[in-house]
Structure formats: C-alpha cells, structure tokens
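The following blocks contain the structures, represented as structure tokens.
Shared between the two complexes below is subunit A, which pairs with subunit B and subunit C, respectively.
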Partner chain A sequence: MFKPMLKALLLTGTVLLTSLSSPMVMGKGVFQSGPDFVAEVFEQQGNAKVLWLTNDIRQQTKVILGRPVTGLRIRYHQHGNKTAWILDEIGKEMPITIGVVVEANKIAQVKILAYRESRGGEVRYSAYTRQYLGAALNDRYKLDQSIDGITGATLSVWAVNKVAALALYYHSLTEQTQADQ
Partner chain B sequence: MDVKKTIIFNLRWHRRIGLSVFFMVIFLSVTGFVLNHSPGLKLSKVDLSSNWLLSWYGLEQEPAEGFNVDENWVYLAADQQLYFNQNIVAGCSAPLHSVAATEQMILALCSDSIVMLSHSGQLIESFSQLQGLPANIDRVAVDGNNIFLTGSQGTNQFDPDSLNITAIDQVRAESISAQPLPDKRFSEIADTGTASISLETVILDLHSGRFFGNAGVLFVDIIGLLMCILSITGLWAWVNHQRLRKQ
Partner chain C sequence: MNKKLLALVIGLNLTATAQAETPDLEKMWQIIQQQQAEIAALKGQLQETEIKTEATISAVEQFSVIPASASKTTFGGYGEVHYNNLEKDDSSGTKDAIDFHRFVMFTGHQFTDNIRFFSELEVEHSIAGEGKPGEIELEQAYIEWSASDNLSAKAGLFLVPIGILNETHEPDTFYGIERNNVEKNIIPVTWWEAGAAIKGEISEGFSYDLAAHSGLYIPAGKYKPRDGRQKVGKAKADNGAFTGRLKYTGIPGLELAASVQHQVDITQGEGSEPVDGTLFEAHVAWQSNDFQLRALYAQWDFDNAINAYASTAATDYVPGDEFTLATPASDGKTITGADEQKGFFIEPSYRITDKVGVFARYSEYDNLAGNSADTAVEQIDLGLNYWLHPNVVFKFDYQNQDAPGNTGYDGINVGVGYSF
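Entry: the complex of A and B
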C-alpha cells in the first residue's frame, strides 16, 4: 500500500525539482510542432496516412475517452510497424496536444507538444512521460501499466492516459488493416 | 469681535460647502463601502450588458456575421466554437477569416487552423498551425475542387487529403462573403458571452468619476477638495469656538 504512495511522492518530487531547476521553462506553450515531432520519430519521413472513424471505431473511442470523438478521420504517420499520432485531449478546460509513438502495440514515446492550461504542465517532463514506455492495452482498453499521478495535475494526467490508450487502439486498427490486406 | 466675525464667516462657508457636497459625500461613501467589500459581494462576477451601458462604454457590438453555404450557416461564437447552424462542430480561434466550399467539403479558416466539414455539417478534420498549416493565412478560396490559401506570404494550393501545401502564383478563386446572420437563434448563439461590463467596474468608474469622462474625474477631484476644505473649516470653527469660550 505504501509503495505506490512512495512512488507517487518520489515522482512528484522529481518533477517539482526538474521544474524548479529550469525556471525559464514556462508551464504552457507550444514545445514542438507536429512535423518536427514526426521528423524526430522517423529517421526517414514516415508515410502520412488517414484512419477513417467508422461507427464501430467511434463507439470504442467513446469508451476510451469517455466522450464522443470529433472528426471523421484521424491522421497518422507510419513506417514499418511504428506509428506516430498527434492527438488533442482536454485537461481541465484547454486541449493538450500529445504526440504518441506506438511500436508493435506498445508505447515507444509520449511527448507533450503543446500545453495550454495554466496549471498541471508538469506532465510534459520526461520524468513523467517515461512511465508510458512499453505500456500496452489490456482487455478493458486501458493501459496495462499503472501510471503514477502528479499532485495538482490530475486532470492532465488523466488526459495523457486517455490519449495513450487511444493511440494504442488506433495503432491496433492499423495493424488489423495491414493484416486484412 | 474679530473672532466672532471670523467664526460667522467660517461657519457660513462650512455650511455652504457642506450642503453642496452632501449628496456626493453620501454617494462616495456608499460606493466606497461597496467597493471595499467587492470580493465578498462578488461584484466582479455580475455582468451588465444592457445596450445603453455598452454603448456608453463604446462597446457597441457589430451584428453577428456568418457564412452562408447552401442555406446552411457557418459562424463563430464568442466561446471560440465553430457552429454549423445550431450545432458546435469544432474549436476555432477567432477570427473566423473566411469560408469556402468545394463539392466535397466546406473549409472554414480560423486564426490558427483550417476546419474541414462535410456539407451535412460533420467535422472531417482540423488542420492547425501546430500540424503544419502556415502562419499568416487569412483567406481560403476555391476554384472548382482546387483549394487556395492566401496570406501575407503569398498563395498556396492546399490538398485536403494529403494536407500538402504548395506555393503557387496568384490565382483567381472564390470564397464566400460574410453576411449578418439572418436567424435570431444563430445570432443569439454567436453573441454568447460577448461584451459585458462587470458591476464592479461600473461602480468603480462612478466612484472615481471616470464614468462621465474627464469632466467626471475633475468633478470628483473638486468634491474631494471641498471635503478637505470642509474638514478644515470644521476644525477651524471648533478651534475658534474654544477660543471664544475662553474669552
């Protein structure tokens, strides 16, 4: 019982120390553009592709996000069995733009590209996002790894969790499509 | 005798000044008291939006405008949401620069993104500056099914399927002109949360005289000055009265 609490406390402390040691870095802002993120992920430019959101997919995304997804299609980049997704999810009031890289149905990278809330921006630190590495979807379409939260950034943490699960789900659909072909 | 004359003179002016500032002193005391307790009274959360007040503050609103696409209206509400008739379709940062339509889709150009809608008003996709949309684009126009984005840095052709943007020479293309929203339901949505003034601001401006411009500020200054004179004449009257009693 105390171990998860201790881990959460240590994580919060690490994130706080990181933020204190870099006072010039603002809590909100655009940290990386989408094209730059994609260029960083794929040594050679990944192929831009489109995933059309059918009714079945929309129903499943509603379960994952807890709200209906907007838009008829989602854009992603792919190279081999690696896909990169840039997705928005609202933390408290404003959308957080999150880049997620999935490889072989496991998360290879999570990066906050833009954070617009006034509080909770600590989720962008690698001390936090590292926790998602290797996470996969379980049968209930949730992450199979526990992610320690950050004090004062609960809603942002939930938003990143949802987006990570959503990217894994979308990736699984692309793998299905490839298998069907 | 001199003292008596002085007292009479002093009291006459004390009375005159007192009577002339009577209503203003009451008014300034009440407004000052209310402002002092503004957080508790939550005055800053009381929004006033009557037309004459907005007009007085120079905040008269332009009639809400939208873009007519095949008798459907695309417009931006003050809460930064893009509407298709009465339905929210996407987030859209103000201003909504322009709207154009091809056979396949409607394109709405917001300040930092372009929103692609089906003709039935469903969001297809948003393409933002973060995703690679060039900055400083302020017009979307179409020629057949070709889409052009024009801004201070020239004209680009936009492919909505690949999201590729290619710089080209100036072309002739059409966009839809903004028009006043014809339906009251739409204009009410578009006006949601628009200009209003807090009660705290109005009371503060009344208290300081700013509500009536520079003349009001000068008037309150004069009232303040008269109140200083009133207290001096009051003190002077009391001192003289004491001297008279001793004599």
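Entry: the complex of A and C
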C-alpha cells in the first residue's frame, strides 16, 4: 500500500540529489557583500559617509516605511552626485538586504544583496529590479513609476519599493547638506 | 587744560597696554609651547570622546536595530468577516448571515538560517465544538530546510501546491468576499495534506514543486473532492497522492503555473475497486500597471468506478462546509458523470487608485461533467475592494449564480479582512 509513497520518496530523493549536484541559479541566500557592492558601484572607492537620523528625518522615514526607523545613523557612500545605500527591510518575516544607487535624485540601480524569505525570491531577478531605473520620488514620497509585482509575494515587493523610496529620500538630504556647506 | 590731561592719561594707558601685550620672545615661545600642549591634550580627549561615542552608538544600535531583523520567532495572522444576503433563483430559500468566517494565527520559528518552522492555526466560523458551526483547524505545520540556495525541502502538514488561492489566501490579496467557486469546488481550497515536498529553481524564473502526501478519502455515496478532504485528522493513509508543479515567474507581474496531482485511491480501500484520480490545473496571474488578470482551469479525471461508488450508499448529503450551491446529492439515485469534474474562471480587475480596485469574474464548474446532463454552475461576480491600509480591506460584491433547476443564489456579499 505504501509502495507508491515509497516510489515517490525515492524519486524525490533522486531529484534532490541531482539538484544539489548541478549548478543552478540561486534562489535564497547572500548574493553579494556590502563592500563588494560599493566597490562595483564606484570605480574608485566612494567616500564613506554617515547620515544622522534626526527627529525630522525619523518622522519622514516613518511615513515612507510605515514603521519607525531603528538605529541612529545610516552609513552610505558618495562620489559626486551619486550615492550608494545598503538597507534592510523585512518582507514577510526575514530581512531583505537591498543595495540602491541614486544619481541626481533618480534610481540608478537596485540590487538584492541577500534574500532570506522562503517565497518571493523573484525580486532578485534583474528583469524585476530593472523596473526601478529612473524612478524618482513624487510629492507623497512614493516612487513615481509603477512597479509590476509578483503574485504571492506582495510583501517582498512592498519592501523593495519602500527601500527604493527611502534611498531617494536619504539621497535628497545629502544633496541639501552639500548645498549648505 | 582738560584736553591736555586727557591726552596724557590716554598716552600712559596705551604705553602700559603695549608693554603688557608684547611679551619678549622667550615668553612668547613658552606661551606657544603651553598652547601646543593644550591642543595635543584636547585632541587626545576628542579622540577618546569619539571612541566612547562610537562605542555608545554601536551598543545602542545593536539593541535598537538587531531585534527587528533577527527575531527568531515570528507571529502573524489574518481574518475575514463576511455578510451574505442571497436569495435562491426559485425563491425557495435565502441566505442572510453574518459570519466571522476565518480567524487565523501564523507562528513561525527560525531555528538556524537554513531550518525553520511555520504554522497556521485557524478558527473557522467563530465557534467550534459539538453542534457548533465552526472548526478549529491546523492548516499548516511543517519544518522547512533550505538544502542549498536553490532547493528547499519540507515535511509535515502543508498546503498542496495547486492553484492561485491555496497557498496565498489572505483576504487583502484577492477580490471578492467568498473565494472563487472553481478553486473551492474542484481543487478544493483550502487544501492541506501531510507528507514531504521539495521546491527548487531550474533557471531564472522557472521553479518546480514535488510533493508526496496523504490522499483524499471520499466516503461512499459522495463524489466531490471537497468532501474528501480528511484535513489530516487521524486520516486514512492507505493510499497517498503525489503533486507536481511547474511555475514561471521570469517576467515581472506574470505568473504561469501548471500542476498535476495523482490520487492512488480516493476510497482509501473502502470501494469495491480502487478509484484513482488525476487533477490537472493551470493558471495565469498577470499584472501590468493597474490592470490585473487572473484565469484558472482545473479538471479531475477519476476512474469510472467513482460513479458506482457514489451511487452505492446514499449517505445523508452535506454540501461542502459552506453554503454555495452543490450539485444534487446522490440520495439513492444513480450518479453518472462524476468521473470528470472541471471548472474555470476568468477575472479581470482594475486598480482605480491605490486604495480602490474593481473586478468582474466569470466562473463555471461542474462536479458531474462526465455526463451529458446540464449540471454546470455558472456565476458572475462584480465588485470592489477598498484598501483602508495595504493590509486592511473592505469588500463588496454582487453575485449572480445560475445552477440547474433554478437553484443558484443571487445577491450581495460584504466583507472586511486583514492580514499582518
């Protein structure tokens, strides 16, 4: 009676072993380290800088993320009017580490550096992250471009959207700082 | 006279001041030395302060940042309240009810980066117990192990990888108060079984699922898959089932998937002969800007012996666990056509604003599609969702159902749902 079950388990096991031994595209895990990402973005190392999260910034960040921001400061890298940010945001349960490059107040790159959820890994596909190129903030601090989502992984999509918007907002603050100086 | 005196006083003062402000070179050298020493000391203090500040900030950050991203045990849930005001086409019955249809709690735990537990516990229809309308159900409880970046395996009680709603059914993710009839009556959602499964990725956008799990047990006198869900409660495990799915999600906004399931014997050895069954399901979910389209087709092919099995013992017929129209019960009559059961739906929707979306759905299903009689149930739904928050939704829809013998229900449904 359990024969078919056994057969299926054996089949499953075979597929499992085959999968383990063959090189495949990665679904879950750490794809690139933060320093490697920064090194890739800036040909020469960008200046490591710190943005202090003042009360005003915290309030606006809360609007963008829909939750209070944690931490006291954000580290970023800058070269000219180009900044690179590495930010974490939880999709459903686990944090997604996202690298965002902003140039002249527009998104120049979004890259998923680490994905830890068991579903929704499609956000790391370049076909997906390409959608963010050229996006800027609208007056409601949201992306001014429509992003096509992933069925069954809405929370991961929202997380990337929020982080992209947040990086744009942080970037706008760095420009203001430069102007002040 | 006074002017001369004043000039003299000023002159003396200036001389005195000049003498006081101009130390000799040696004195100046000493002052500079002292100042240098003070600057060096201050620099040292500043460095020390910076180190202390850095240490303090790092410590604060460690406590304020880490918990949000590294909490090992997670908690979530969803729920939905439904109000139905429906009337049967032949005016022989009405359905006017308000129901806390589902109250669900998720609990998960991350043992290590690669091993996690996930569970879903549900209270259906608010009150459970002897003679009460509801049930307490364990719908998911499994251990998942990420064997590698592209492969994971799970074991325990899990949702069968078929259809659009079975694995993602939080109320804020779909249109309509009630779940569509096709996935409910043909597949049937929500459908969980116990067993083992693997999920992997073949190339960017292509993924597969394979599962070996417990099977349906359709009691004699019945023939619908929905009546065969054992819900893994001391379930008969004489004959299992296998499910496989291929999914393509390589283009943003698009999901194409096809599943096949084979049931070894849906009588679990109780029929005079085994009745095997194969379910085929395919769907598309496509979202482009504010437009979305969902369409699904599902078909069961059972061994012809299911008709005799369904006709043998005329048990009291209890249609599903919900009110929507069921195809006629066997009640001693000869059942024909249960060997094929199928349905499809198509649902375009449009998001007018961030908060408001409208939809239309046409669905058709038939649990006795193997005969030539008209036993199909058709339904049109029109309605809207209003998202008060991305995870809080109010729903309204109108349904028009056509079923054999004027037994379809028409009317309105109103609901509120949430997930977190």
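Things to note:
Keep in mind that, in the parts below, the second predicted complex is superposed on the first by the 157 of 181 C-alpha atoms of A that agree within 3 Å, B and C clash if a C-alpha of one lies under 4 Å from a C-alpha of the other, contacts with A are read in each partner's own complex, and residues count from 1 in each chain.
Rule of thumb we're sticking to: a contact is a pair of C-beta atoms (placed from the backbone, for glycine too) under 8 Å apart; a residue touches a chain by one contact, two chains touch by 3 or more.
Please read all numbers here as calculations on a predicted model, not as lab measurements.
In the superposed model, A:Asn81 lies in contact with neither subunit B nor subunit C. Once chain A of one complex is fitted onto chain A of the other, the partner contacts of A:Asn138 are absent, as it touches neither subunit B nor subunit C. Once the two complexes are overlaid on the shared chain, A:Ser146 sits against subunit C while remaining clear of subunit B.
Contacts of A:Ser33 after superposition: subunit B is touched, whereas subunit C is not reached.
Once chain A of one complex is fitted onto chain A of the other, the partner contacts of A:Thr54 are absent, as it touches neither subunit B nor subunit C.
In the superposed three-chain model, the partner touching more residues of subunit A is C, compared with the other of subunit B and subunit C.
Looking at the shared chain after the overlay, A:Asn105 reaches neither subunit B nor subunit C.
Touch criterion met: A:Gly71 reaches subunit B and subunit C at once. Residues 70-73, 95 of subunit A lie at the contact with subunit B in one complex and at the contact with subunit C in the other. In the complex of the two chains, the subunit B residues touching subunit A come out as 89-91, 118, 122-126, 129-132, 161-163.
Taken in their complex, subunit A has these residues touching subunit B: 30, 33-35, 48, 50, 70-75, 86, 95, 97, 113-114.
Within the complex, the subunit C residues that touch subunit A are 57, 60-61, 64-65, 68-69, 74, 76, 108, 110, 113, 116, 144, 146-153, 164, 167-168, 173, 196-198, 200-205, 207, 210, 212, 238-240, 242, 249-253, 255, 264, 269, 285, 287-290, 390. Those residues of subunit A lying in contact with subunit C across their complex are 1-2, 4-5, 8-9, 11-12, 15-16, 19-20, 24-29, 70-73, 88, 90, 92-95, 116, 118, 121-122, 125, 127-128, 131, 146-152, 154, 158.
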